[in-house]
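All chains are identified by letter, namely A, B, C and D, in their written order; residue positions are counted from 1 within each chain.
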Amino acid sequence: MKKSFLKTPPMGWNSYDYYDTTVTEEEILKNAIYMKEHLLAFGWEYVVVDIQWYAIGAGSRRDEYQYIPFSEAAIDDYSRFIPDPTRFPSSVGGKGFGPLADKIHDMGLKFGIHIMRGIPRICAHGHHKVLANALSSTEDLSFYDAADIANPSSICNWNPDMYGVKQTKEGQAYYDSLISLYASWGVDFIKCDDICNTHANPMEPYEGRHEIEMLASAISRCGRDIVLSLSPGPALIEQAWHYETYANMWRITDDFWDNWDLLKDMFKRCELWNAHVKEDCYPDCDMLPLGKIGKGFNQLRTTAFTYEEQKTMMTLWCLFGSPLMLGAYLPELDQKTEKLLTDQSLLRLLSPKHVPHQIMRNNAEAAWYTKHEETGEINVALFNLSDEPRTISISLFGKNFSKELLPHASILLPF
Amino acid sequence: MKKSFLKTPPMGWNSYDYYDTTVTEEEILKNAIYMKEHLLAFGWEYVVVDIQWYAIGAGSRRDEYQYIPFSEAAIDDYSRFIPDPTRFPSSVGGKGFGPLADKIHDMGLKFGIHIMRGIPRICAHGHHKVLANALSSTEDLSFYDAADIANPSSICNWNPDMYGVKQTKEGQAYYDSLISLYASWGVDFIKCDDICNTHANPMEPYEGRHEIEMLASAISRCGRDIVLSLSPGPALIEQAWHYETYANMWRITDDFWDNWDLLKDMFKRCELWNAHVKEDCYPDCDMLPLGKIGKGFNQLRTTAFTYEEQKTMMTLWCLFGSPLMLGAYLPELDQKTEKLLTDQSLLRLLSPKHVPHQIMRNNAEAAWYTKHEETGEINVALFNLSDEPRTISISLFGKNFSKELLPHASILLPF
Amino acid sequence: MKKSFLKTPPMGWNSYDYYDTTVTEEEILKNAIYMKEHLLAFGWEYVVVDIQWYAIGAGSRRDEYQYIPFSEAAIDDYSRFIPDPTRFPSSVGGKGFGPLADKIHDMGLKFGIHIMRGIPRICAHGHHKVLANALSSTEDLSFYDAADIANPSSICNWNPDMYGVKQTKEGQAYYDSLISLYASWGVDFIKCDDICNTHANPMEPYEGRHEIEMLASAISRCGRDIVLSLSPGPALIEQAWHYETYANMWRITDDFWDNWDLLKDMFKRCELWNAHVKEDCYPDCDMLPLGKIGKGFNQLRTTAFTYEEQKTMMTLWCLFGSPLMLGAYLPELDQKTEKLLTDQSLLRLLSPKHVPHQIMRNNAEAAWYTKHEETGEINVALFNLSDEPRTISISLFGKNFSKELLPHASILLPF
Amino acid sequence: MKKSFLKTPPMGWNSYDYYDTTVTEEEILKNAIYMKEHLLAFGWEYVVVDIQWYAIGAGSRRDEYQYIPFSEAAIDDYSRFIPDPTRFPSSVGGKGFGPLADKIHDMGLKFGIHIMRGIPRICAHGHHKVLANALSSTEDLSFYDAADIANPSSICNWNPDMYGVKQTKEGQAYYDSLISLYASWGVDFIKCDDICNTHANPMEPYEGRHEIEMLASAISRCGRDIVLSLSPGPALIEQAWHYETYANMWRITDDFWDNWDLLKDMFKRCELWNAHVKEDCYPDCDMLPLGKIGKGFNQLRTTAFTYEEQKTMMTLWCLFGSPLMLGAYLPELDQKTEKLLTDQSLLRLLSPKHVPHQIMRNNAEAAWYTKHEETGEINVALFNLSDEPRTISISLFGKNFSKELLPHASILLPF
């Protein structure tokens, strides 16, 4: 079982929504500085480098591919991706993300990275070496062959980089070697992709199940508190116990963007995962596509969400207790959004001690309440999910609540 | 929302496992007397008359049918089934189950009945009357036509008696009239069948969803605390919020019998519903097929479970917090079984304050612990699910537990 | 196995597209007279009374129901529907459709009716009688009970009238009694519904399989050539052998209407059933929604198909060899449509001796050829399935064909 | 469309059932010589080298893998597998299968090989060259990059060698280069695997659809008559038109072995594909596992089929018109089997002019007849599918046939 250290859901920033695969060390630091100066005081602390930081030329053929197949990547001698030296110059000389993590830590922030489930395909085909005892205290430098670790039938259907790892001693050694390296860099957060729901095989959407266990095992033995975050969603409700036992957070939705239908749909997903929010266990509603986003996708824009929709999103994420990961380009964050992101009346509900309960939900409206498990404090949230102004009325423990709300709007009320 | 009154899962006896459709008033009383004298002191209190108490000649063509189609049934003037007067003689003269319920109540026990979702098909085809205002305080004796209430496309695929009820004012009136009658009889427990999982339409296994809401609404307005129990299973995990909101207990398995494979399978089901056990909400592992069972099925036998299996079952049901409904013919209950059924070290865990957690489960073993939410008391249970003797070892909060167990055996340990 | 007598696919008229459930004897005759005078010479000969000719008040609550549940119907003493005497006055006195069929026959036409698979629900609930030996030569007037014939779990999910019939001696006797009656009336064509694809149970979409066999058996012994036509579609390709062995035609599509998407989709269906067109076996593309249609549906209109689409439809149906059943209100058939319906260059291809072959099909175009199995005559048809004018070019047996066609248009070319 | 040259289904021998992946040139010739001397006169003529003739060390880790992942293979400079020089010594010096094919042709036989759909994974990862204009008459020696041809998301789920090929100009060039090489070797028959039913993605079991078209296109332009045979099965009945248009034979079953349940199941498959047997189009019941088989699988045995079962198999395959491919080790073929394999009363029915029709089939019996489309000759076959002796009786065109048959036995009767 995993270690217990996460009292509240992680809050931070992730490079994906703005940069796609193209983020650089310089850009990471620019965003981190903004976070330190404007957001850290309110609990925002993780800075996460998302997908393909190892890919040379990532994003250079964006009209054809999001992830260029069979293209060059930075890899160390032991079948482990390392940062693209062009984009992450401080990583050269075998330092990996160490120097960048140090700078992030110096700001009082935490550092996270994205990984794909599995082992690089190129390493299996090339029979590269894998460290056999990376997490053991011995100085033994023996090796396995990546070809014996990779499962040639286990691939991701949307990214061409990896083969899944077999559930063997050699497979565990590979994941140990990976986590050992990340811990040495000072990584605090790992977002592992193609693992929460492996879409490729609809008959077996949880084929990475054993790889979650191997990652959790490696993390528990690596000597560092590292958050394990699983993507993509939707997570499988029938595997809830497994997620809870081995991971800290897991995506309950496919990629979430600034689209009302996706936001409305999240109410259904929160109903589904309602009973599974607790300390160290945070079903994840995905990143907050606020502020400026989409540049790496050639779709640079200010979020398409109206202010009412943004508030509805923040209210739902906070009362439900979802992790909060900003997608915005922070250096250009506007005042109104920043105010919403630092609204303590919402953020204080994030703690799983404020236990969430859905009161009702239909196609036009939803209502939730949270009850603090120690103080008994109750908060009520009403949501207008319809496209018209609407009065939402509910009765809770003998008390009536009723508010007229704008379309897609919400309100948080004390009991 | 339903009323809150069930601090612990219901415990009692149900006529199905022994009598199938054939139970009589006399037999109900014989079993009730035994319960009062031997089991009531330990918390056993519900006496439930299961399926087809209204069917004239029920069980008379058992080689062809469990439920004889198009056969005679006792029905009142308002499209409501009433007890078969031959088998329940005290019901004649419009008294229904009132006199029997009175006797049960006089013993300090509670009285329950089984119903099928819907309205009798024969009433729809015959355009029978339905009371329009049974639960209102008015003296208004107006009527609806059963043909306007029945949905001719909504049937149960294993019982031929009913049509589903439409989600209309008239449909609600029908359910109000039903609950009004049952409340007047003194019914404390309703097991509604063909509603938790409506197998008939695999594309829509929850087509009775609105009927659960209508039943819950009628019960909340009937002036009596009535447990609403939903059958058959397996309940749909994605509807967990709905069950919790409208019902008190719901079957998480199809019919459970004295078969090891079914018992072993229950560990998976308990894992799935682990997060949903709480006050007023009791996922239901189904009846305990102990003692003498099967007479009405022409399969009279003593349970096929070994004693170790019986203990494993009781341990799982209790730590998980499932309702406990005995299937045994009580007057001939043996000493060893009775001792197991009154084992306070197990029964005390039934309270949802002893919060259950699965520690691990694989094909050969399982382990759970419960932690009392107020006292912090921890209990550990180890299970050998394999067919060989086996040592089960786990580590919990830094403490190690290890026991050699017989095949299919279990042990409960203090922390 | 069925008898062989259908050298070419049936051509005729069906009341459904114009009248829905409301057609009367007088209207049938009006349409029949027109057919005799204008179409019979070109091969059109069947006049078919479609669904619910037995229902009293059919169509009277059209805003609520297409088929009013639990409503009155005309039934004889042996659990067989008979014509609604109000709409079919010549049927009174036990004559059924006999007098109407006589008039149709006198015009040189053939007479058909629609039936629902099964036995009336009301007869099972009322324990009505069923003739035990209707097709035998004996004078034996013994009976079965409809309740023993009906399967209470087998219903149609879009019509509330019937229960499916069990595969028993008694079930066969019921279908024998039905066909015996229809043969005595002079019925030449039976369109049996809820049998080709029983949508109600997606796990068992061919649950009426044995009822097809029972109907075919009764027809083969009734002493009259009766076409057995199965609805609704889509027929199940994996059951092709069964349809071919027991029926004369079967719907390869759900209800077809005047909608380009449905017409375009038919090209895919014709590809699928291409290999199954042969003497006595006619996969059925459904009725031709031409001329005036929709009155009974409160959607009276002239077909929404453009002339090019109408021609495309007629070309595909004819080269494929589908049955042709007009939906139009014949007395007001316009000249242009009538000309299309009597175009011998198309109608001559209906014979299965002109064996159809698809040459190619994609989202924008399709091409077929037919080859006469005796003369070797080849005809080529090109179709523009796109929404733009387009030049369709193919090569067949070394010869090239190329034509520019309007959107949705087609052309038939000699080889 | 494909060329027309196959008047009857191919008959021959295939190395798989006996050798698995391990066959050598010497063994191929031994079997070929036997075929020439004993079977050629009866129509047996194809000699087919099955899977992984390119794999170095194939079969050397048979306890772990049937197909060793990431292992060495013989490949030419243009991303095309060539024979393993150890097992096929005549292939060295760039001669490929040419010398072996010459020897086979000199015996009056035809030569076939197995291929996997796609392009070697190793060539894509290594950015190997692919000939751009192999089938054109130009001398142009330009190249494409294998990495631009391979689809990294399209893999076979049971063999690790290949990536699927994209439907592009470059992809067609790759298949052209492949067929060009094979035609230069003198290949007469290509069994392409992982293409008829691509099991890997259950949502898209025909993802190789475009690769069939590319192969057919290359074959039609290569200047040689090459049979295109598609594996594995079961073929998708809804794609029947596509198979017929682009291939000569396609497997209607998953791998067939010497097991009665599989043989009994074939009757259902033959019913399904009954309408699709015709010149150049041969639904394929798979190899005949007769004589000695299984050596390469470490399961060397004489076929587990009884003689009656062998005869039933041969009768079904012949009347249906399936290709016949022997699996036996020919040099040790016994007299009784050889007699069955050369029984002209069965083999003469193979011609598609003897059109097959299933008369009936149920769990215990089946009956078919064939009718010659020119002479009208009729043959009847009766099958006892039950495990008891049984009298099979049918009536066909007014004539009755009845025979008592041993379990699993069959009989062929003249009309």
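In the analysis below, contacts are C-beta pairs under 8 Å (C-beta built on N, C-alpha and C of every residue); 3 or more make two chains touch, one makes a residue touch a chain.
These figures come from a predicted structure and were not determined experimentally.
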Third chains touching both subunit B and subunit A: none
Any chain in contact with subunit A as well as subunit D: none
Rounded Å distance between subunit B and subunit C, as computed from the means of their C-alpha atoms: 49
Approximate Å spacing (C-alpha centroids) for the pair subunit C, subunit D: 42
Subunit A and subunit C, separation of their C-alpha mean positions in angstrom: 57
Subunit C residues touching subunit B - in the complex, by the definition given at the top: 69-70, 121-122, 124-127, 147, 150, 152-153, 155, 157-158, 160, 200-203
Residues of subunit B touching subunit A in the complex: 1, 237-238, 240-241, 271-272, 274-276, 358-359
